[in-house]
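Scroll down for the structure; my scribbles are underneath it.
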Amino acid sequence: MRIRLLYFATFKDVAGRDSEDRQVAGGAKVSDLWRELTREMPGLLKTGSMPPAAVNREYTGPETVLADGDEVAFLPPVAGG
Amino acid sequence: MRIRLLYFATFKDVAGRDSEDRQVAGGAKVSDLWRELTREMPGLLKTGSMPPAAVNREYTGPETVLADGDEVAFLPPVAGG
Amino acid sequence: MYLTDAPIDSAALFAAARPSDGGVCTFLGVVRNHHMGRPTERIAYEAYGPMAEAEIGKILDGLAREWPDAQVQVRHRVGVLEIGDVAVAIVASAPHRAEAFVACRAAIDRIKATVPIWKREFHPDGTSDWVDPTAGSPPG
Amino acid sequence: MYLTDAPIDSAALFAAARPSDGGVCTFLGVVRNHHMGRPTERIAYEAYGPMAEAEIGKILDGLAREWPDAQVQVRHRVGVLEIGDVAVAIVASAPHRAEAFVACRAAIDRIKATVPIWKREFHPDGTSDWVDPTAGSPPG
């Protein structure tokens, strides 16, 4: 199945892009996707362990199972205000 | 000796004036002046016991001894803001 | 200099923030249409002018000692105000927000506690009375 | 609706106070010329727009439940801001000042904690970096 992945701030710099469509295995969890991404781009680990994740624009935990068409983002430390 | 007495807010309503020059005895304290005023105008007591007093535009206590030319005011409960 | 009988220009107060200030906390005290369950039509503010100026100055001196990084400005209206008019404006700016908030809150609390200013509320039924915050009213 | 790439019109936010409101507490987050001891020249704000809008909405819903008498408004800039520009404006109005202060403070604290907005600081030496508030910087 296919998800839409968004990159922001320092993660966008590391990835060199702001978004991509990506194939993930059926039943894959948020934490599985993060592991896969950090294998490809170890630079993502510079903010430490798995950052907060959002699926379809809502914060969610590492155990959330991804679904086809999900919009997924890992969020570097936020700094609004 | 002579002092300048100022009235504000509800005390101005009770006194029917906003200021007056007044003779006080040498050595008179703030509390003596208040007692004298409340004898003349018992309506001043409607805010309770002796209110905060100011001599020459500074808060002061009941034991302060008055001096010739002092500007004195008893202050009803303040309500700025 | 802290009291004025003209409308308060809040924008001018904001403009005084320094380039090093990252947080600006403002409090506006506004004439509201009710007090202790009774409707209010307008309010007349009266001050012991010279003493009020001096007291506000002392409060600002105290704030500067307690929160030296904060810069606090105060304006208070006197005269007759209508519903929605700004009676008092406090602008506290500081490098970080925590100090801006605490200095702003302390400023308005202390002004209400000690500055010789009084207000007479006028009600729609034609009556009026001097507000006595010590008589059990909620804080304004 | 909470994010904007145009200058924030604080006056318009003030104008939303209701006739029953006696206290208006405002917080302006302003771009300052320093951060963690380093000089700042300008800041670029980036947001995960749709999620940021939703998160601010949830924060406002939570504030309305906790302080039902307070009315809170929020605007947050995105894009490149210069020193002194307003990055975020919170206006909390309530019948009494205590609620206005606490709702305003809670609003900015929660916005900083969870809304997906990032800022890149540009320094006079030509370098730049993403601000990481979890890296031990003082609160802004």
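First chain written, first letter: the chains are A, B, C and D, and each begins at residue 1.
In this section, a residue touches a chain if its C-beta (ideal position, glycine included) is under 8 Å from a C-beta of that chain, and two chains touch if they have at least 3 such contacts.
Given the structure is predicted, the values throughout are model-derived calculations rather than measurements.
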item: Partner chains that chain B and chain C have in common; value: none
item: Distance-maximising chain from chain D - centres being C-alpha averages; value: B
item: Whole-Å gap between the CA centroids of chain B and chain D; value: 49
item: Chain A and chain D: spacing of chain centres that average the CA atoms, whole Å; value: 26
item: Touching two or more other chains - residue numbers and ranges from chain A; value: 81
item: Interface hub residues of chain C, defined as touching at least two other chains; value: 29, 97, 108, 140
item: Chain A-touching residues of chain D, taken from the complex the two chains share; value: 29, 45-48, 50-52, 54, 76, 87-88, 108, 111-120, 130-135, 140
item: Complex contact set, residues of chain D against chain C; value: 10-11, 14, 17, 19-34, 83-84, 93, 95-98, 100-101, 104-105, 108, 138-140
item: In the complex, chain A residues that touch chain D; value: 6, 8-10, 13, 47, 54, 57-59, 73, 75-81
